[in-house]
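Heads up, there are several structures right after this.
The same chain A turns up in both complexes below, where it pairs with chain B and then with chain C.
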Partner chain A sequence: MSAQSKKAQLLARQLFKLSLENGALAPERVTGALAYLEQHRPANPLLVLRAYQRLVAIELARSAAVVEHAGSIADTVLQSLAGSFSARYHRPITATAVANPALIAGLRVRVGDDLYEASIAGQLAALAAAV
Partner chain B sequence: MTSSLLLLAQVTAAAAPEHASSGFTGQVQQIAGQFGIKGPLLLAQIVNFAIVAFLLWRFAFKPVMATITERQEKIAAGLKYAEEMKAKLNAAQQSSDAQIREAQVKGQQLIAEAQKSAKAFLEKQQQEAVEQSNALIGKARSAIELEKQKMLAEARTEIARLVVATTQRVLAKDLSDFERARYNESAAKELSNV
Partner chain C sequence: MSTVLDQIEQEIAKLTSQAVKKNTGNIRTIADGVAKIDGLSDVMYNEMVQFPGGAIGIALNLEEDEVGCVILGDVSQLKEGDEVSTTGKLLSVPVGRELLGRAVDALGRPIDGKGPINAKETYPVEKIAPGIIVRKSVTQPLFTGIMAIDSMIPIGRGQRELIIGDRGTGKTTITIDTIINQAKINKVGLASGDPKFRPVYSIYVAIGQKNSNVVRTIASLEAAGALEYTIIVAATASDNPANQYIAPYAGASMGEWFMENGMDALIVYDDLSKHAVAYRQISLILKRPSGREAYPGDVFYLHSRLLERAARLDGKGSLTALPIIETLAGDVSAYIPTNVISITDGQIFLETDLFNQGIRPAVSVGLSVSRVGSSAQIKVTKQVGGKLKGELAQFRELAAFAQFGSDLDAKTKSQLDRGGRIVELFKQPAYNPISIELQAATLWAMQKGYYDNLDLKQVTAAAVSLREYLATRKDALLTKIRTKAALDAEIEAELKSAVDEWKATFAA
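Coming up: the complex of A and B.
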């Protein structure tokens, strides 16, 4: 890794830390960080922006629960999932529903790198793997 | 001839023992005359006889005797040689018999050792053959068992795949929206309690 890249990574981390408010990503702070970058352009702004975007995407993924479902799912169910995962991870997590008919029935929740499965397709796959 | 003269003298002595000295010569001459014996002729005959006897002894009897003696010696030497040869032959025969017996004993020992070695080799070969056959049988059994396990696993996997696929199709087709929604709610509760 070159010296420019290291500097860009360091600056992106600093901007990312400044973008957090109470441990959560704040849109206003993100806007402010981007404005700062626009006003004070670093030596390689593209590298800084890419690193900053990657950190923000990771944080968004960590704070978002993608709920794949087959069939309809009620908003109350999504809210209840968001509440339980927020309590589990000790940070605010929002639930986003994504339809996936391949599940047949049930849910598959992805929070960051963690995957939770409670679907018929998953159970059938586990059964096939076990047999 | 000498014996005849002696006989004549004895006869004469027996006829007139008392006229031993003087009359004896006369009587001898008288008898010799009666028999036709003359002194010089008798002496000549004696000389001739001696000469003939000497010649016979010197040139006939002596060489013959020498030849006989030589032949007897040769025969004795031959007999002695034959005896020696016979003894040597007996000794050689005994020696050869002993050697033959020894060779027979050694031969029997060699045969016994060879039979023993052959038996041991045969037993070893049989044992090795049995071990090899057992190893082959074991390998074959292992291979068969592995193949069986592999086939069973493949069959199990295929059956599971078919069951899962069939179940997926059936469930995907037959589940209603209401059932899916209920299942989703129960899944959400399950995930919330993880």
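Coming up: the complex of A and C.
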């Protein structure tokens, strides 16, 4: 990692920390951080913005449950999933549904880095790996 | 009963359809067997990470927003963006008797084409070395079958003895001889039916060696009938640095199984210089800060934690380690050699000059030492070889002065003559270890002056002839020396008459 890249990472991290309010990402603070970058343009704005975007994306993924499903899924199920994940992770989590027929049946839920596999495709893949 | 329960448990597991939780990440960059991964927020240090296509990685660098993993196995199919997941397990290798006679890779997978290994147990590759309380001091000998070593630099079970020297000085040969000697002793001991007999199983770990060298080593062991007591762990020069880094730890785990289960094992690390180089390569790619000779700061710990795993355990077995270090132009003061010298319990230094003079094994008596082995030496070796090291050291000093060609007094001349004979006596061909009883008889004959009236060039041949004579005609006497492990008046009288008989035939 070059010295320039290190400096960009450091600045991006500082901006990211300032974008949090009570441990959660605050949209108005993100706007403020972007305005700061506009006014005080760093030596390598592209690197800083890319690093900042990555950190924000990771944080957003942590508070969103992406529910992949093969068949149809009811809103009540989504709400129930959002509620149970919020309780499990001790932070508000919203659930969004994404259709994925490749799962055959069942669900696959991703919350940040965590993946919950409860699909037929997942079980078949595990079986194939075990054989 | 537990197997029945296990079967039921497996059936239950098949029926349950609970969601499986995995912690995942994505490959950000991949180069030279090292991947930088985004995500994996729950990964633990040294945890196994599953890559697509069955490749396994080990998490070595846990940074604020990325994880550095070394990949064991084929990296050619991996690409940026591939998903990886944690396993919650530490890297483990199969252990047990089932591995004896087999050649495996750094992960314990067979590479000899002899079919799968049905090992019942696995041990983690990284394990904390036994502590102070469970250890016992080294008191039992481990015979190498090399006269110069067994008589002057003895090795005990549980000891760590470094073998150090330039390239092509016979470092590997000494270790192969030692493994062959263990097999010979095992065969005799197991055939005798002695319940107190403790066989020594060997593990040879090849790190960064040429494939052809490993094949040659296996062939030598097989030819000598030693492969059945040996495990070969090979991470050759064509393997990636991660495999070369892991291989000695995998070998140590296999050796620890024998030690933990009340058996004795010997492990050879051939060699730790290449191991340090592989680790340096990984560390540099992981962007760890480099220090002297570009090695990372923890290169001492790399070897100390490995060699500390060799021990003799109270109420259990032992693991003896013979690490090898290759020096450049005989420089033992380089970084890695000094590190390993300070960790081990002594070193056998091999000199290029001696090797080129035809003195093989080319052991430098002055620079070689065994710090704990003397307490493991048996009485008979002490009786016949106790003063040899001093005499040889004196000889080397006098020989250096004698080169100036000045007039020498009679005492100096006799010392030089005797030293020359001892040097000749210690010459030994490769892959031909000598049993301890034959070593004792050879040295006893030296002590009693049986080679004194021979021409210097005849000494080696005379010693070989004496050993052949005793091995073929005086088996009972040799068994007595072996079992009593000391020379009493009765054995000495028998030995004298046997050597007199031989002398008459040899002179004729």
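In the analysis below, the second predicted complex is superposed on the first by the 122 of 131 C-alpha atoms of A that agree within 3 Å, B and C clash if a C-alpha of one lies under 4 Å from a C-alpha of the other, contacts with A are read in each partner's own complex, and residues count from 1 in each chain.
Operating definition for what follows: a contact is a pair of C-beta atoms (placed from the backbone, for glycine too) under 8 Å apart; a residue touches a chain by one contact, two chains touch by 3 or more.
Quick caveat: nothing in here was measured; it's all calculated off a predicted structure.
Student: Mind checking chain B and chain C on superposed chain A, clash or fit?
Tutor: Result for chain B and chain C: fit.
Student: In the overlay of the two complexes, what angle sits at the CA centre of chain A between those of chain B and chain C, given in steps of 10 degrees?
Tutor: That angle rounds to 20 degrees.
Student: Which of the two partners, first being chain B and second being chain C, lies in contact with A:Leu46: first, second, both, or neither?
Tutor: After superposing on A, A:Leu46 lies clear of both chain B and chain C.
Student: I'd like to know which partner A:Ala118 touches here: chain B for first, chain C for second, both or neither.
Tutor: Both partners.
Student: Does the superposition put A:Gly71 against chain B (first), chain C (second), both, or neither?
Tutor: A:Gly71: touches chain B, not chain C.
Student: After lining up the shared chain so the two structures overlap, which partner does A:Ala3 touch, if you call chain B first and chain C second: first, second, both or neither?
Tutor: neither
Student: Have a look at where A:Pro101 lands relative to chain B and chain C in the superposition and call it first, second, both or neither.
Tutor: In the superposed model, A:Pro101 contacts chain B only, not chain C.
Student: Which holds for A:Ser84: it touches chain B only (first), chain C only (second), both, or neither?
Tutor: first
Student: If you tally the residues of chain A touched by each partner, is the higher count for chain B or for chain C?
Tutor: B
Student: For the superposed arrangement, tell me the lowest C-alpha distance between chain B and chain C in Å.
Tutor: It is 6 Å, taken between the nearest C-alpha atoms.
Student: Please identify the positions on chain A that touch both chain B and chain C, taking each partner from its own complex.
Tutor: 107, 109, 116, 118
Student: Report the residues of chain A in contact with chain B in the complex, numbered from low to high.
Tutor: Interface residues on the chain A side: 69-74, 77, 80-81, 84, 101, 104-107, 109, 116, 118-121, 124-125, 127-128, 131.
Student: In their complex, what parts of chain B are in touch with chain A?
Tutor: 156-157, 159-161, 163-164, 167-168, 171-172, 175, 177, 179-181, 183-185, 187-188, 190-192, 194
Student: Show which residues of chain A lie in contact with chain C when the two form their complex.
Tutor: That would be residues 1, 13, 54-55, 58, 107, 109-110, 112-118, 122-123, 126, 129 of chain A.
Student: Under the stated contact criterion, what part of chain C meets chain A in this complex?
Tutor: Of all residues in chain C, those touching chain A are 17-25, 38-42, 54, 64-65, 85, 287.
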